[in-house]
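Once you scroll down, you'll see the structures, which are given as structure tokens.
Each of the two complexes below includes chain A, the first together with chain B, the second together with chain C.
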Partner chain A sequence: MNRLFDNDWVGPALVCLVAVVGISILQPSFLSPFNILVLLSAIAVNMVIALGQLVIIAIGQMNLALGAFGGLVAICFVAVMELYGVPPVIALLIGLAIGTAAGAASGFVIARTGISAFIITLAGLQIFKGINLGITEAQPFYGVPQSVKDFGNHAIFGPIPWLIVPMIIASVGMWYLFNRLRIGRYILAVGGNRTAAELSGINITATIIWAHAISGLLAAIAGMMLVARLQIGQPTIGDDWLISSFAAPVIGGAVLAGGHVSVAGTFFGVVIIAIITQALVLFAIDPFVVQIVLGALILWAVGINRYREIRVAKLNEAR
Partner chain B sequence: MTDVTADAMPARRQGSGLLRLLLSNEFGLAVLIAVAFGTFALTLPGFTSPFSLFTIGRQIGIDTMIGLAMMAVIVTGGLDLSVGAIGVCAAMVFGWLAQAMGVPLPIAVPMAILFGASLGFINGYAVVRSGVHSFIITLASMSIFFGIMIFLTKAQAFNQLPPEVTQFGKTRLFGMVSVLLVITLVVCVALSIFYRFTTLGRQMLAAGANPRAAELSGIRTGRVITACHMLTGALAALAGLMLTARTGAAVPSMAGHLGQDWLLPAFLAPVLGGTLLSGGRVSVIGTLLGAAFVTIMTSGLLLMRVGEFWILACLGLILLAAVLTDRLRQGVLRKRGLI
Partner chain C sequence: MTALKVSNVSKSFPGVKALDAVSMTLTGGSVHALLGENGAGKSTLIKIMTGIHAADQGEITMEGRPVRFANPRQAAAGGLGVVHQERNLVTRFSVAENIMLDRLGANSLSRVDYKALAAEASRWLKQLDLDIDPMTPVSRLSVAQMQLVEIGKALSLQSRVLLLDEPTASLTPSEAQVLFRILRKLRDDGVAIGFVSHKLEEVFDICDTVTVLRDGKNACDSQPLKTLNRDDVVKMMIGRAERISRRAPRPQPAAPPFFELRDYSSAAGHENVSLSVRPGEILGLYGLVGAGRSELAKAVLGLARQTGGEIRVGGKPVKIGSVAEALDLGVGYVSEDRKGEGLILLHSVLDNAGITVWKSLANALGFLRDGTVAQKVGPVLRKLEVKTPSLDQTIGNLSGGNQQKVSVAKWIAAGVKLLIIDEPSVGIDIKTKAYLHDLIHELAEAGTAVLLITSDLTEMVDVADRVAVMDDYRIEGLVENDRNYERVSTAIMALIHGREAA
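So, the complex of A and B:
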């Protein structure tokens, strides 16, 4: 029993279960097919965003530019379709390439100069957001093809939206990366103990660039998913990713110092945030309260993680 | 100029003093400012008009204050993402006191600053007690502070402030010096004295440079770090008030969503000015020069009709260029054995 509770995802999963049961008793429309569809669409997008931050947390850094990557990719994705008539599949590949390249570039600067990721990604945030606004002049692109709109708003069957598909691919991919692939192991090793990783022959520079490139790729996917869902190339896409991208992994038990992450935990973190956001809407509570709740959730999760760390340390001492 | 730079561990001074001065961050910035200002003054008509100088000075005053607020917490090796949220919250409290409650300004202003300091205290207390990095604590608190503020104000501005507030923001000395810039200069001098000559200021630098050593030499690091966060809160509140005086209203969106718009000026000025992100070293004059450089570049680029949307990208590039140059400078200094 105790060993079960040492899993990162069990606590958040229990919270999800209690929240779903509690809210659906108070407000039966919570479990209506339409509401589930909306909920799952929100979860799908936010999970990919959270994974984009998770891979950087794994390496012990942070990516403030995540939203700026996503926003730039989103408007480029629509712009090439609207202005040059590029088919959606090619536009998708262009978007993925831009996100990955932007991530790799910021990873390259961080790894080669050794300047803190915070400052580099803060600069990156302004640069990419600036390019975004420079291109769009804060006006949205409207020319989203019908197929893309359908992808973002139609269900596969019942209340399961198509948007779930990229989320599942990204989640399984990240799980596979961290648990089975060498580069994922390297990322965790560098995050856990950089010196030890370096001494055991891991190429630190390459690993950091990989992590940031993957982060950029995931931001690109999330940005384009949002285009499909909103049916419009909004320049403001990505502006509000910062808090939630950290909240979900932290609630899911990620250690911010790096070296330890949980994809399943992050998923339940995303679900908790989505449920709370939805519940506030259902109960007609001021949407601004979401901000307060999100902040409180981060503090609560940090407190729990801290408590577990202390408990583990005590157990180790007792042995 | 290096005199004004407060350093926890006085560097070995055997190197060539002149070269050290020439390679110092502050000197480099001063040269850059002179070059930028000279170029704009010669090529852009109207750049040196009294009104233009007044607006530039006003902007320098506000941006420096935001930078100083962040600098006060960077000293400890931490950071505070919630500066913008604190600044707006304090400005809204001021607006509520001055407009809705009719509290006289000489009382409302200190109360707003005190309110900022108490929000900073909450941050500091949470950081010290939890032992979690200030990044995540202040990420949470920026969301909470801003959320509560929007919830209480219903996103409405206080735009019927006493006329003295707007009047103050418009005041010019000698026809071109903003009174806001004067306030900032006074705070700069006070902070320089604080970090150099007072016990608490020295303790802040020591706790930032090496917390363990500071603890062993009898400094109560926890309290000192909390004090740093309070200072940050107070300075952020002051910046929020200055912005209110400039706008003539306390607006919830004046620092953008969650106060994020302040993050760039907050880090740009101290980092350009040579404050170490790892803590233990501050440069008040560097922060002032950093903010001045950014403001002059922004105004110049705007006058050149670069387009305000591209300015953001330019500022990001400036920040990137600044940290890269700093790396280069340190490399040169290290090679010559100056640090």
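So, the complex of A and C:
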């Protein structure tokens, strides 16, 4: 039983289960197909955003520019379709390339200058947001093709939205990356013990650039998913990503110092946040309560992680 | 066959010449000891060989070809494997992954083949007689097992030259014997092994040749160990035996101890430590790196839990839970890590010197004026002859010696009755060092109790009145200091090595 609770995702998963059961007893419409569709769409987008932050947390840094990457890609994605008539698939590839390049550039500056990622991505946030506003003049692009709109708003069957597909691909991909690919292990190694990684011959610069490029790629996917869901190229896409992009991984057991993350835990973290936000609508609760509950959840999650660390340390001492 | 040759390598750091024309030759199929006291330059030399530091002068050749590694990665690729003194493992990763960390796949997107990793790693674990599942996370291992994993990692690179920096520091004698068996086997396979250790028994047990460094210079260069005995080596390590202190021994003050530990044990690992310092006395605390001296200072200051025994200050038993409580009792600590723990480098001289007196100087409303602080610390800084353009100067811009004076000044300004000084002369020049020694004496003459922690035997014999010898978090004994370097250093070494030999 204790072994089971050593898994990062078990705690958040139980919280999700209790929340779902509790809310659906109080408010049966919570389980209506439409509501589930809305909930899953939100979860799908937020999961990809959280993964974009997760890969940076894994290396022991933070990416404040995540939302700015996503916003810039979102408007570029629509702009090339609207202004140049580029087909959606090509626009998608352009968007992925922009996000990856922006991430790689930011990673390159961080790795080469040795300046903290916090500062560099803070500057990046301003720069990319500035480019975004320069292109859009703060006006949305409306030329989103019907196929893209459909992808963001239709269900595959029942209450399962199409948006779930990119989320599943990204989640499985990131799980595979962290657990099976060399670069994923290197990202965790650098986050876990940078000196050890360096002395073992791991190329730290390249690893940091990879992590940020992957983060940019995920931000791009999330940005374009939001375009599909909102049906317009909003310049404000990405502005509100920051808090939940950290909250979900931390609730899911990620260590902010780096070296330890859980994709499954992050998923349940995203679900918890989505359920809380939904409950707000269903029970017409004041928004401030949601903020307090979210804050308390983060503290609770960090507390659990800390408790486990202390327990592990004690076990080691005892030996 | 010469595997690695270091010729006339020099390296200066600001204020110190760490290495001065040092040479050393490692030969394939032989184990070479690199010896020297703490601060003699061994670590710097290893860091230069492995590309962490660049040499200012001199040349390194491997198998005849000049090499200049830009980083440890290149060194490893060039066949030079190192086991560093500090543990360098990713503790959340498995043993196998740690051993094979640089070879998890051909390129970034390669799939990690855990089965193959485990198979390869278990080969090396078997060699080390380490019966653990290669998929075990390193965090579950004991310290000794982690050490062996690091050695396995270096071995697995099939290095032609293998440097081991104090590899046995955390091993039990039987574990060390296992390691030596492996080293002998590697030696017979033609590997050149460089071996740094403080334990002379080990050196004579396993090494064939020896290089001794003293004050950054060769005391001997790659001499066969057969031609030397223990005393020869010790003499080379600690310098001319007849070095005599210029200070006369001081009579012991008669006052009752100001500070006393009775069978003190801490969560940091100290066991039954007893020592006492009288007002006006300088008690030295000597030990090798890792003996637990700085840790004792920090534990006493409340940074580690007290698990047994008693701390008495001014004759009364006390509990110290934090540095602030220690300061209230009149106990101050000058850290060995001046830059990391002692000073706030970006702040002014005034702020650094005044930090200990802010609390007592603040007025009823909690306001504190720079003028008030300057009045208090100014005279102390002047007395210590701190060379600074003004009190507003950023302390990071001062020389190491002047920084050290400020870290002492802040405690003098606070009027502490016991000052614990940890490695006061690390990284400062000889003149300031002599000045600091005078200062410590003046403090003692003025009635301050001083606990001096240093790994520099000369300094110890010069400054301390009595020397408590610590090894493995225990006090091994007490040596009266009559300033006879030969006698005192021999007595200290006997206390440290006596336990090992037993």
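Everything below uses one rule, namely that the second predicted complex is superposed on the first by the 317 of 319 C-alpha atoms of A that agree within 3 Å, B and C clash if a C-alpha of one lies under 4 Å from a C-alpha of the other, contacts with A are read in each partner's own complex, and residues count from 1 in each chain.
One rule holds in what follows: a contact is a pair of C-beta atoms (placed from the backbone, for glycine too) under 8 Å apart; a residue touches a chain by one contact, two chains touch by 3 or more.
These figures come from a predicted structure and were not determined experimentally.
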item: Touched partner set for A:227, first chain B, second chain C, both or neither; value: neither
item: First, second, both or neither for A:274, with chain B first and chain C second; value: neither
item: Touching partner for A:181 - first (chain B), second (chain C), both, neither; value: second
item: Per-residue contact with chain A, leading partner among chain C and chain B; value: B
item: Which of chain B and chain C A:206 touches, first, second, both or neither; value: second
item: Which superposed partner A:122 touches (first chain B, second chain C, both, neither); value: first
item: Touched partner set for A:42, first chain B, second chain C, both or neither; value: neither
item: Which superposed partner A:295 touches (first chain B, second chain C, both, neither); value: first
item: Which superposed partner A:55 touches (first chain B, second chain C, both, neither); value: neither
item: List of chain A residues in touch with chain B within their complex; value: 62, 109, 113-116, 118-120, 122-131, 133-134, 137-138, 239-240, 242-243, 246, 250, 256-257, 286, 288-296, 298-299, 302-303, 306
item: Contacting residues of chain B [partner chain A, same complex]; value: 79, 126, 130-133, 135-137, 139-144, 146-148, 150-151, 155, 257-258, 260, 263-264, 267, 271, 277, 307, 309-317, 319-320, 323-324, 327
item: Chain C - residues contacting chain A, complex; value: 71-73, 76-77, 82, 84, 86-93, 97-98, 101-102, 104-112, 139-140, 142, 153
item: Touch list for chain A against partner chain C, complex; value: 180-183, 185-186, 188-189, 192-193, 195-203, 206, 210, 259-260, 312, 316, 319
